[in-house]
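Take a look at the structure below.
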Amino acid sequence: MTPLQTLPEWAATAPAIVLALTGLALLLIDTIDPDSTNNGLLAGTATLGALAAGGIAAWFLIGGTGMESTGGAISLYGDALVVDGMSLFFTLIFTSVTAMVTVASYDYLADEEYQGEFYSLVIFAATGMTLMGMANSLATVFVSLELASLPSYALVAFLKKDRGSIEAGLKYFLIGALSSAVFAFGISLVFAVTGSLVLPEVAATLAEGTELVGVLGLGVLMIAGGFAFKTASVPFHFWAPEAYEGAPAPVSAFLSSASKAAGFAVAFRVFTVAFPLETVTAVGGGSVDWSLLFALLAVVTMTLGNFAAATQENVKRMLAYSSIGHAGYALIGLAAITVDGGAANGDVLGASMAHLLVYGFMNTGAFLFIAMVEKWGLGRTFEDYNGIASKAPIAATAMTVFMFSLAGLPPFGGFVSKYALFYSAIESGFWWLAAFGAVNSALSLFYYSRVVKAMWIEEPSKPLEIGSQPVGLYVAIIFAAVGTVLLLPGFQPVIETAQTVAAALF
Amino acid sequence: MIIEALIAVTFLAALVTFVLPDRYAGKAAFALSLAPVIGSLYMWQQYDASGNALLGGNIAFETDVVWLQLGQYDLHWMVGVDGISMPLVVLTTILTTLAIVSAWTPIAERQSQFFGLMLLMEANLLGVFTALDFFVWFVFWEAVLVPMYFLIGVWGGPRRKYAAIKFFVYTNIASLVMFIGFISLVFGLGDSITSLRLPEIAQALQAGQLGSFAGLSAGALASVAFIAMFFGFAVKVPVAPLHTWLPDAHVEAPTPVSVMLAGVLLKMGTYALLRFNFTMLPETARAFALPIALLAVASVIYGALLALAQQDLKRIVAYSSVSSMGYVILGLIAYTTYGVGGATFQMVAHGLISGLMFMAVGVIYNTTHTRMVSDMSGIADRMPVTAGIFVAGAFGYMGLPLMAGFAAEFFIFKGAFESTVMEAMPLFTGAAMFGIVIVAGYLLFAMQRTLFGPFRFDGDYDVTEAPFHDVAPLAVLLLLTIVLGVSPDIFFTMIQDAVNPILELGGAF
Amino acid sequence: MTTKPQLKLGSHLVPGLAAVALFVVMAVVFLGASFPNPQGFAEGANITASIGYSMFNLDFGDVTGESFLVAFIVIAVTLDVALDGAIHLARREESGQMRTILTDGGRELKRTLLDSDDEEGDH
Amino acid sequence: MVPPQYYLLLSAAVFCIGIFGLLTRRNALLFLMSVELMLNAANINLVAFSYYWGNVTGQTFTLFTLALAAAEVAVGIGIILVLYRNFDGVDVTNATTMRW
Amino acid sequence: MAGILDFAPAIVLLPFLSFLIALGAGRYMPKGGALAGIGATAGSFVLSIATFFAVSGGQTYNQTIYTWAEGLDAINLTFGLLIDPLSSMMLVIVTLVALLVHIFSLGYMNDEGETGLPRYYAGLGLFTASMLGFVVADNLLMAFMFFELVGLCSYLLIGFHFRQDGPPSAAKKAFLVTRFGDYFFLIGVVAVFATFGSAAFAGPDAFPVLAEEALNGEHSVNTFLGMGEQAWFTVVGLLVLGGVVGKSAQFPLHTWLPDAMEGPTPVSALIHAATMVAAGVYLVARMYGFYVLTPTTLAIIALIGGFTALFAATMGVVKKEIKQVLAYSTISQYGYMMLGLGAGGYVAATFHLMTHAFFKALLFLGAGSVIIAMHHNENMWDMGGLKDKMPVTYYAFLSGSLALAGIVPFAGFWSKDEVLYETLIHGLGGSPILLAAYAMGLLAVFFTGFYTFRMVFLTFHGEPRSGTARDPHGVRWNVKGPLAVLGVLAATTGLVNMVPVEKLFGIKGIDFLHQFLDGSFSSLNAHHYAELIPYSSGYIGGEAGTVAIGAAVSLGFALGGAALAHVLYNVPEPVEHTDKLGSIKTVLYNNYYQDEYQVWIATGVVQPISRVLDKFDQGIVDGVVNGISSVSLFAGGRVKRIQTGVVSNYVALLTLGLTALLLGLGLLGGWFA
């Protein structure tokens, strides 16, 4: 059944609406009963909302909503929003990560106050991300990006009595504010050149020709900067190590998986729709070659992330850097787009999307494992992880799966998605990008395996005591691990969908 | 479907073993591991392939279904065996079972994890040797490393962490280089192939479909891909000077793991070299005959000389593995029936004999808790049966006729000597053959000092004969070595059948 | 003792050179740009009303503008959420006890407990 | 008629002054103010080119930017407040427990 | 046709069976498996005799019986049996000596209460089986394989007393030194396969025949490294010769043999008389048709032989231990055989191989008997006067000594004389190399006479010089029996080929051995070889005159040596005269420093090289590997320093990054136009 034949058009935004309503519902619950900390109810509501939104997205996706088969993308409210396969695909990523994070938070926040705020902030941020995926106007992009960002700042600084959390929040906020200013300035410059904020119209104006290549270039670069902040790419990545390290681990998971994916979602759409490469590389006697820009950023980002991660002593910070490295991989999706790429453009973009999906599972899982370790009060360094496997073999196995998958080792999802990504890059002629990625993957194996080594091979220096067996965290981690493993044999539908929906952008 | 069943049963056995209590894990793993043994023997009995699987031969137990459609090239689940892989499958199952038995004594903690990982590794190894789609093959290829990493890292010796991570990272980087090389070849083939099935790729390459890629002409691309793949596999084999992970890994690994490492894992490298470099790019291989032969000779002589300098019994056997695998390279580059066939035969023969040697060293270690030559002498006085088998195994390693090692080495020497890939092959062969003198040197010296002479042991342990279940695997391996040495045709006929098509390959582009 | 602001010139201003550099580059770009004549607004057009209409995706304005309906709703939520977050952060806690920091892997704690500085090295 | 380049130059100057402030000031509140300055640089452009293109898109968007600036300040103040409580000051360079 | 020759495989398999029985069930059997060995070798012996007579009757046997490796599109590697006069003669020798050694072992091992007897008898059985397999091998590969097994068995038996320090070391040395020779042999085997596509000794595709045809231009073969056929055949021949030099303990690979005396004495007898050491010479005889084609090889063989004969003999004169003297005499005697083969005296060398087998087995067993008597003291200076205490041993030993010294009419005289005679006439025919070799061989006769009788006199004559010598341990029938049999053989076997008598007195038809070796495959008989020999003969005063002169001179030298020994040592209280040799004594005691330089090569060259390589491997090769990872980690350590933790720095870097990107892309994209 194709859902929108029976539903009104606005219903296509249902995932975002469901999420927003869930957020409001959480506020309501918190308002009605502010003092009691009914963790189960809050976490359950948030999870249910996320799952419902995800379910709807999946249903739409299977039904072909906004895709070629049902008449193409659905454009709403004066082109401010567009619902197509890509937005639904990313919604699926956001909601699944959100669901895992909220389930895990049930245990993580058990001893905290203000849980209502926490869940509502998470759900609103997810709403913002979903909207980012749908945004079809720079105005909507900016506003929804802020909707995703502002709760994130608060979430990072959520542990008000933890200096790390505060410091992380501060740095995240400051760099974020700066980046959003840069982003806004970029938008203003693009507006100066084209007189429009709606993405297809920007493209249309540019196609008519303009002499203002310099202004446009500056604008595009600054917009790219805004996305680079969101995706934690060089040179806007500086917040990431501290924010991921200092934030409560579920928030780190949320930010490094969902928020990063949201940044990519909007970047993919803005650059492919508003600034088609064939147009902007030939404006006014100059060119704005953002593909080259992203290629450069991709190489620097993945190299910096991996090298810096290699010598970390703190597992969480190592994962933070690895997350930067993965941003570099995903950037290949934009970097490998060429003027005459044809189908290859869709392939590489789709591969990048598929990688982000797999990454959503394995990286969220990894951070949630850290959340579990924090819950156990074991510390954050590699040393502190020594011998965990002897006490918690199932969780350690899951973490092992995440680590090897992140490193791109078979037989896990990370391998096949990385393979698809590099393969598509080569197909587009960017074999050197793939080579860079591959070499970086090899290096990454070193530090990922250190975690594994610590858990399974090292002996704990002091007697290891694990207090509780947090059910929610376990559920989330196992869910992520199973997803990571199953995405190897089940990669076919994922990559097929991703590449189909990506091809629709061109 | 029997291959799928074989792999699945082994996986299942691994899972079952994981959840069993430690007390029963060893025995249960042994019992469970008999299933793949029987399965592989049944396969062997039903085996009806002919020719080379990659070159249009008739593949036994073939399955071929589409798994992933990704871009231009589909990924298939394609498995099957031919005369090259069949012996290696049998070797893998038998050696795993024996290694599991040999682990009963030395593995004293976390048994269920240990035995589970052994079976998991076996499953992946079976996948490596049966996969005929590059992607499937690569998945198994890499998946072998993970259990190995843990097996060395958790149950290894004092420097196990260093050894495990070195092994893991080194071989992974090598795999990556190989992967890049192969994929560039695939892209060079362009539209002439539709999937990553190895037979399809090999046949397209033979048909001269290789085009240019990344600014490289077909010839240059073939060279680059060949070098990349050779590097990748050479690390695994290992070929000097890429061997340094091996002694560390062996010394630190517990005995049963060393057995698997030397017995089967090293063969992955040579198997892949044969399947990829020497089958797919024969012209390039012939063009590189000189450097390859040089590397082979260097491995043989260098490895053997290094073994001579070692004081640790395991290190001796480890370096001698480098030496023995050098013969395989020499045989492969010969491009003669006896050369390539002998190289393949050596994979099996060395698998058995090196397994035997590592186990024998392990049995002595179980009792003495030392492997240093200088720490003991006259062990034969207290452990006559073990010492006897040790001596027999050592002579097998030296290439005693009527044991498998001699057959393999003789085939290789004969094949390499009469090779036509270059004028000077007889000289290289002669140089490599000097390895048989050095190998005798270090093994005889080691035996003289440890096993013979007046009994002396600088340790607190009571040196007595090993229990039956320690010695039994040794005896089985010795018996297999002799059977294979007396009647190499058991495998050699089917190997030749699969190898001969490779020799006929000529100028494809 | 005066408390009025003073102009402080010193080495702390050096990083500011980066901003100057950025400005120079931007100025070069902008000065190189040549704009055609502006279109401007029609004489007497009610700009404010037009902004209002545009905000709600209505087509009644004198001057055209794009639809900001979605942005409007979203920003409403955003302000709400910002308030939510700000209040959470600003609310004063009853107990002032600081928690230990986990961010340095417990090194700080270890140092205080063991009173040793050896952890401080090149990490 | 003021040429459009001058608006751009002005906005660039305001933008860079904002960055200058970020680079040279360590007080978190001054940090916030500098960011506001940068956002307003964008607003100058938007308003100027709204006129230039003859539509109200830019002007309308300016309102949103202002609103968002307010929201940002709200969250920012909240964070600065907890910073003050935890690090006994609003110097942004004090909070450096995490690095490398 | 199921003749007696179809049972030939049983000759090999019976001792192998005894090996399995002794290994598996020896400990449950009386005498530790000795009886199985005796039965098996007796059976083999009987079959060998039958075979011998069948061959004498003109039957031959050349069959492939097992395909070891079947080549698809390539040649097969097979096992087969070749029974011709040469091999049938050798079968008799080997089985007889093996049988006697087994019986003797009852006295030497069982009666002396040795432990590990099953291992001992298993080793003997395998040793015998391997040697028999080697003897009947119908191709070079099979010969090589059994050759190696012989080497293994020598290792196991020499190192039988593994709980002491000496035997394992000697065993190792024996295997290692012969392995060095076998290395060349193996290359030779491979080269023969590569050259001819076959390694058969006989039959239509026998490689000597193919080589002959190739040299005549009737057949083409592969040669390598750009060599001509003659040159390449020489190379191949020399490669195979490497194995011969190693196993037959020829200079310079003879060093293992004296050390091998660490093994039990019956084993020494077996090794020296019939199995291991004989294998080398037998191999040359077996493929003589190939060697005669290359004069260079023949000359080298003759030179090595002549030199070794003299060289070893000189070392034998100063030894104190009875078995050491015998060891050097073995080396020397095999030198004669090599000399004979190199000089074109195929029959002569084979003849000497046979006679030597008997008298050397006799001497070793006799020495064993003495050693039993002396409670395992081997030093001759502690003996003396045993003649009266053990007469059977004495007379048997004397018979062997006379044969060894080459005193007419004992076996050694006839065969050694024929070897020297062949060398002389072919040398006179225009080959100065052979004349030089002859001179060395002749000189060696003198030393042989001297050391042999020095040994006899010191051991059996004079006054007992120690307590044990005065009251020696008695020996039983199982020691005396073999000695008696061999004593008779040593005295008489020379009579089967009395060529000098034939030549001098014109009595036709008493060169039985010559006739016997002539009756065979056309490509393998002595007659055929004689035609191919690249030498011509020269005479001094006619054929008969030369025979007479040669025999007289060699007999004179032998008697001279014996006489000197008589003068010096056949006195009641003999003393060492070695000091008279001056500095030469030291050289001789140290065996011309042959061991020293070989040990130096092993420990002074190879081991340091391997240690340096180990350092290189650990330091450089592995260092590079670890270095790469260290550099990466170091780079990582630097890269992460960018993250200073201070937000202001982040802003600065961010701004700079943005500016740099702006500049770079702007310049590329022409934004500053």
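Chains here go by letter, A, B, C, D and E, matching the order in which they are written, and residues are numbered from 1 within each.
The rule is short, and it goes like this: contacts are C-beta pairs under 8 Å (C-beta built on N, C-alpha and C of every residue); 3 or more make two chains touch, one makes a residue touch a chain.
Chain-to-protein mapping (UniProt): B = Oxidoreductase.
Just so it is clear, the structure is predicted and the values come from calculations on it, not from any experiment.
Peer 1: What's the overlap between the neighbours of subunit B and those of subunit E?
Peer 2: A
Peer 1: With centres defined as the mean of C-alpha atoms, identify the chain lying farthest from subunit A.
Peer 2: So the chain farthest away from subunit A turns out to be E.
Peer 1: Give me the ID of the chain with the smallest distance between its Cα centroid and the all-protein Cα centroid.
Peer 2: B
Peer 1: Based on CA centres, what chain would you say lies at the far end from subunit C?
Peer 2: Of all chains, E has its centre farthest from that of subunit C.
Peer 1: Which pair, D-E or C-D, has more C-beta contacts?
Peer 2: Between D-E and C-D, the larger count of C-beta pairs in contact belongs to C-D.
Peer 1: Centre to centre, by mean C-alpha position, how many angstrom separate subunit B and subunit C?
Peer 2: 61
Peer 1: Please report how many Å separate the Cα centroid of subunit A from that of subunit D, as a whole number.
Peer 2: 26
Peer 1: Centre to centre, by mean C-alpha position, how many angstrom separate subunit B and subunit D?
Peer 2: Comparing mean C-alpha positions, subunit D is 64 Å from subunit B.
Peer 1: For subunit A and subunit B, let me know how many angstrom lie between their CA-based centres, rounded off.
Peer 2: Their C-alpha centroids are separated by 42 Å.
Peer 1: Where does subunit D touch two or more other chains at once, residue-wise?
Peer 2: Residue numbers touching two or more other chains: 4, 8, 15, 19, 22-23, 52-55, 57, 61, 64, 68, 71-72, 75, 78-79, 82, 86, 92, 95-100.
Peer 1: Can you list the residues of subunit A that touch 2 or more other chains?
Peer 2: Residues 139, 143, 146, 150, 153-154, 157, 160-161, 163-164, 167-168, 170-171, 174, 178, 182, 196-197, 214-215, 217-218, 241-242, 245-246, 308, 311, 446 of subunit A touch two or more partner chains.
Peer 1: Which residues belonging to subunit E are in contact with no fewer than two other chains?
Peer 2: Correct list: 629, 637, 640, 643, 645, 647-648, 651-652, 655-656, 658, 662, 666, 671-673.
Peer 1: Please list, in label order, each pair of chains that touches.
Peer 2: A-B, A-C, A-D, A-E, B-E, C-D, C-E, D-E
Peer 1: Would you pull the subunit C residues touching subunit A in the complex into a rising list?
Peer 2: Per the stated touch rule, the residues are 26, 29-30, 32-35, 57, 66-71, 74-75, 77-78, 81-82, 84-86, 88-89, 93, 97-99, 101-107, 123.
Peer 1: Of all residues in subunit C, which touch subunit E in the complex?
Peer 2: Residues in contact with subunit E: 15, 18-19, 21-22, 25-26, 28-29, 32, 122.
Peer 1: Show me the residue ranges of subunit B that touch subunit A in the complex, using the header's touch definition.
Peer 2: Against subunit A, subunit B makes touches at 67-72, 110, 135, 138-143, 145-146, 149-150, 153-154, 160-161, 164-165, 168-169, 172-173, 176, 179-180, 183-184, 187, 213-214.
Peer 1: Can you check the complex and tell me which residues of subunit A touch subunit E?
Peer 2: Of all residues in subunit A, those touching subunit E are 170-171, 174-175, 178, 182, 213-214, 217-218, 221-222, 225, 234-236, 238-239, 241-242, 285-289, 292-293, 296, 304, 306-312, 321, 443, 446.
Peer 1: Applying the document's contact rule, which stretches of subunit E touch subunit C when the two form their complex?
Peer 2: On the subunit E side, the touching residues are 637, 648-649, 651-652, 655-656, 658-659, 662-663, 666, 671-673.
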